[in-house]
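Both complexes shown next keep chain A, but they swap its partner, so chain B is in the first and chain C is in the second.
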Partner chain A sequence: MARTVASPTIVPPAQSELRALAPEPTGVAILGARAIELARVGHELYSVFVRTLYYCARGRREPGAILQQMYEIGNRSVFFLTVVMGFIGMILVFQAGLQAKRVVPDLTLLGATYLELLIRDLAASIGALMLATRVGAGIAAEIGSMVVTEQVDALRMTAADPIDYLVKPRFIASVLMTTCLIIWSAAVAFGSGMITAYTAFDVQPRTFMNMSLVDAGDLTIGLAKCVAYGAAIPVVSAHSGLSTFGGSEGVGWATTRAVVNSSLAVIMLNMFISAAGFLVFPG
Partner chain B sequence: MPETKKATQAAGEAFLMITETVGGMGVLAGRIVARLATLNVDGAEVWRNLYRMGVKSIPIVIVTALFTGAIMVIQAAPLVERYGAHGLLGWGAGFGTLREIAPLLTALMINGRVGANNTAELGTMVVTEQIDALRVLAIDPISFLIAPRFIAIVTTLLLSTIFADALALFGAAYSGLGLLGVAPGVFYNGLTSGLLGIGDVLGGLVKSIVFGIVMALASCQYGLGVTGGAPGVGKAVNATVVASAAGIFILDYVVSFMLD
Partner chain C sequence: MSSPRSIEVKVGILILTAVGLLAAFILVMGGLNFQPTYPIYVDFDNPGGLQTGAPVKIAGVKVGKIVDVQFRGAEPKTNKREPLVRMKVTVEKRYAQSVHENSIFYVTTQGVLGEQFLAIEPGSSDRPVLAEGGVVRGLDPPRLDMLLSESYELLHTAVSAVRDNRAEFSEAFDGLRQTLKGTGGFFDRNGQKIDRITSNVEQLTADAQGLMKKAGDKYVDNAQIDRILANVDHVTIAAAKDVPPIMADAKETLASAKRIANSLGNEAELAKIKQVVSDASDLVKMAKGATSDAQALLSHVKRGKGTVGALVMDEQLYDDLQEMARDLKHNPWKFFWKE
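Right after this comes the complex of A and B.
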């Protein structure tokens, strides 16, 4: 972790002297430490995921908490997602139109191709990257603050597993609301794309609204991505939040890590699901 | 009627908050430019921040770029198969990557890592009254803390985007080989055959500079405005990443239209 100007006041003097005396790891040692760290985080993520699934099946029933999280994750992201997806729809159609005009002057298939790409990949992936930013940072900041103020320890003291109380409602809410939000964001991006195609390239909305290229394979891949991202974001962010340590600086670090790791999770899942989808539904 | 009043009230409050933030970013930008114009910037801090923000971000830039290149090829694959246009794969994947996807995804990842971290650090300093301590010592917080971070973030994003462009094309070429059997030579040929100019690359780099400026201003502005201990820092980080992401997409649209 990078040291900050803030750190000399936070690290006690004895500890920082020890750190100066300890030999810096070099070469293979760094690589090994990184590999061990990666394996450890992977195992912890797996453990959080499995325990969340267990409590989804066997845990307490608390529809109130899930509804509240659905409001936090879903309704409060609608405005942000609408703005971002509206702009991304305009950009994508504009760029695709420019690209297509360099080889073929005919733009009648622009809408059909755009809709296929949107459903198969872009709506889910860009929407989920935005949700990873907003929802992931929110979950990590909230749980991280609870860890720092020892509320999570208090939960453990009363024999309540924080995974059951904190992670499970967010997990269920996120899987449901990510799917809804991504369907909405596909609609917004398609609408703003249609307007751009009309104003910039004179493509009539009737021509643009062409669903002939969308088939069951595209829908399956799109929905599989929604569910996978919806499950990955809360698990990765909650893990970052639960492993917070060290005051307000720690909460900041946990939030940063949640955003980076859940974005990376979205990009990696995207590649694996896309590649699998291409092999299962070619063309 | 009371419900509509509530809605308009909420909209008005949101509008005021957005204008306040944007105005604050403008004022901050003015102060930073004043320090940069008079070269009143702490050089050692610039180097330290460049190392912390730039060099330490290299792993996530590599992973993001390689996966992005692969995804672009996978998405172009059905189109290429449908029309049998294997020679155009390099152009198809390269156009989107260089002009749009590489600058955008690199900015989003750096936003998560550097922007959020910057807010968290500045926020912690505000909460623990270290900024006040700097003022007491007659050290200007803008030229010691903010201006070096601004330079470091903008430089980091520009260099990372150049790096990501190259790596994404590398990833795309080899996933084209693995998935479609298109030789990397054919892929690079499609890239350089004249349909894609240096203007497309420069357009992407202009975008990355704009994104860097927004990200730096937003993260410093939210960091300096933190109130209320550890939960306040968490909320500020959350607000920063959301505001920077929205700003990045809106400016992406503006720059895309202005360049063509």
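Right after this comes the complex of A and C.
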């Protein structure tokens, strides 16, 4: 253990011994090693996701655990998300209004465009990034500490898949609660934006609350993003937690990795869903 | 940690809030509208960027939406030019009374950069309401792109023309400048004259006006003129009546003269006539001489010379004769004897 702590990266003893035997990769080999590592992580993520879906359909019924996770993921995040989205709504409207004023001094459509942007993209993406920091870190830390204290191994000993026991309730709770939280945060961001527009640019709330630019396509894209982020965050975080090694410091690394990877997943999914949405609902 | 029951309540509240917000949003968004609608077809040649789902508004109030945009240019029906695009529009039935047959359908935008929508100008209320499924012609929006490209073309032509003919333009402008300068100088120099001419012309026109008025009074609004005209009229009528017979007579006379001339055509006749004429002339001369003798005689008599003259002209003689005649009347025997 002492040797592991001394080394700059956290590597299990078995691997570091193997490293000592094998030569360090250099040059192009580094690139290849990284690529193989990326492919392996991708495959593991895919495996976790598929198994989670499988257990959602075929696994044990435990509504208590799901409810508990819904409370942890949902209700405990409401205050945090409300504050963050409230401020972000104010900032977005203020900056957008300032820029728009330079181009066209006509802010009657500020609310309409802001609402479309919020529903299509910003509410889901910013909310999910915030949730990734809070929920992802929580899931990774919880599962990671169970891994390092060998509780997961104990589960496996009793022929119970830790994904069924640990990941599935979090997954279901996250999909439901992320959607609810993002709808709530969109409302909060719109409300704070409306107040900002009224105080800073004298745009009447009645004018600001203009839904003419929002159509069913925008709403579909927004809801699809909610579900996708709600599914991606627990899967990525649980994978980070399950691949924890190296004691309490390993738990810290796993938490960091969970937040970074969840955020990356959110951004990449955003790109893919936006592109698909643009193809399906042009304009 | 909270009790399981309170956790369930809190999670339920969160879910209900979110679902309620979503439902309210969808309702407000207008995606679900249960008002009964009726269709209208609006034809355009180029409706700009109007898309399916765009709102239809009367005076800014949303009354329906565009449900279908059909391109009909490919249908070879008749030789008549059909509008290229037909839009199916559904309008809520409660607004049907506001859409008349002479309503104007036009495309406009919301705000400066807003989305496009179809606006309806309701039309006059004395015209009947537009029937369900009626087809109307929409007012095409102004083609800003065409305007830009065409004005670009125009500007380009103008600019290249100016660039290629710079020397000519400068010459033309120089000439124009000199002309203007010369005209200005002329007016400067002859200002007083021109003023005088102007006032004279003014006077002249005033005089002419007076003259015209007087002439009008005298020669137009005058009964005499009317009479003269009437007379002329009569004369012309009479002439028209008389001229044809006169003309016929003249023709006849001319024909006779011609005949006479023809008959006088040969030499012998002419010589004869000459002879006759010269004889006549001698006769006339002799007659003249006789006449002058007679005249001299008469004048002689007039002067009381000669016996006849004294008899005619001397009153004394007349008196004597009268007295002798009276005396004879009273004393007829005096012829026979002496006292």
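One rule holds for everything that comes next: the second predicted complex is superposed on the first by the 259 of 283 C-alpha atoms of A that agree within 3 Å, B and C clash if a C-alpha of one lies under 4 Å from a C-alpha of the other, contacts with A are read in each partner's own complex, and residues count from 1 in each chain.
In this section, a residue touches a chain if its C-beta (ideal position, glycine included) is under 8 Å from a C-beta of that chain, and two chains touch if they have at least 3 such contacts.
The shown structure was predicted, so the numbers you read here are calculated from the model rather than taken from an experiment.
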Which holds for A:Arg102: it touches chain B only (first), chain C only (second), both, or neither?
-> first
Does the superposition put A:Ser47 against chain B (first), chain C (second), both, or neither?
-> neither
Return first, second, both or neither, reflecting whether A:Phe94 touches chain B, chain C, both chains, or no partner chain.
-> first
In this superposed model, does chain C or chain B come into contact with more residues of chain A?
-> B
Of the partners chain B and chain C, which touch A:Gln151 in the superposed model: first, second, both, neither?
-> neither
First (chain B), second (chain C), both or neither touched by A:Gln204 | neither
Footprint intersection on chain A (chain B / chain C) at 283
The chain C residues in contact with chain A across the complex are 2, 4, 7-8, 10-11, 14-15, 17-19, 21-22, 25-26, 28-31, 51, 53, 55, 62, 110-115
Per the touch rule, the chain B residues reaching chain A in their complex are 52, 56, 60, 63-64, 67-68, 70-71, 74-75, 77-79, 81-82, 88, 92, 95-96, 99-100, 105, 108-109, 111-113, 116-117, 119-121, 123-125, 127-128, 130, 145, 179, 195, 229-235, 237-238, 241-242, 245-246, 249-250, 252-253, 256-257, 260
Taking the complex as given, what residues does chain A use to touch chain B?
-> 2, 4-6, 9, 80, 83-84, 87-88, 90-92, 94-95, 98-99, 102-103, 113, 117, 120-121, 125, 129-130, 133-134, 137-138, 140-142, 144-145, 148-149, 247-256, 259-260, 263-264, 267-268, 270-271, 274-275, 278, 282-283
Parts of chain A lying in touch with chain C, wherever the complex brings them together | 64, 67-68, 70-71, 74-75, 78, 104, 106, 108-109, 112, 176-177, 179-181, 183-184, 186-187, 211-216, 219, 283
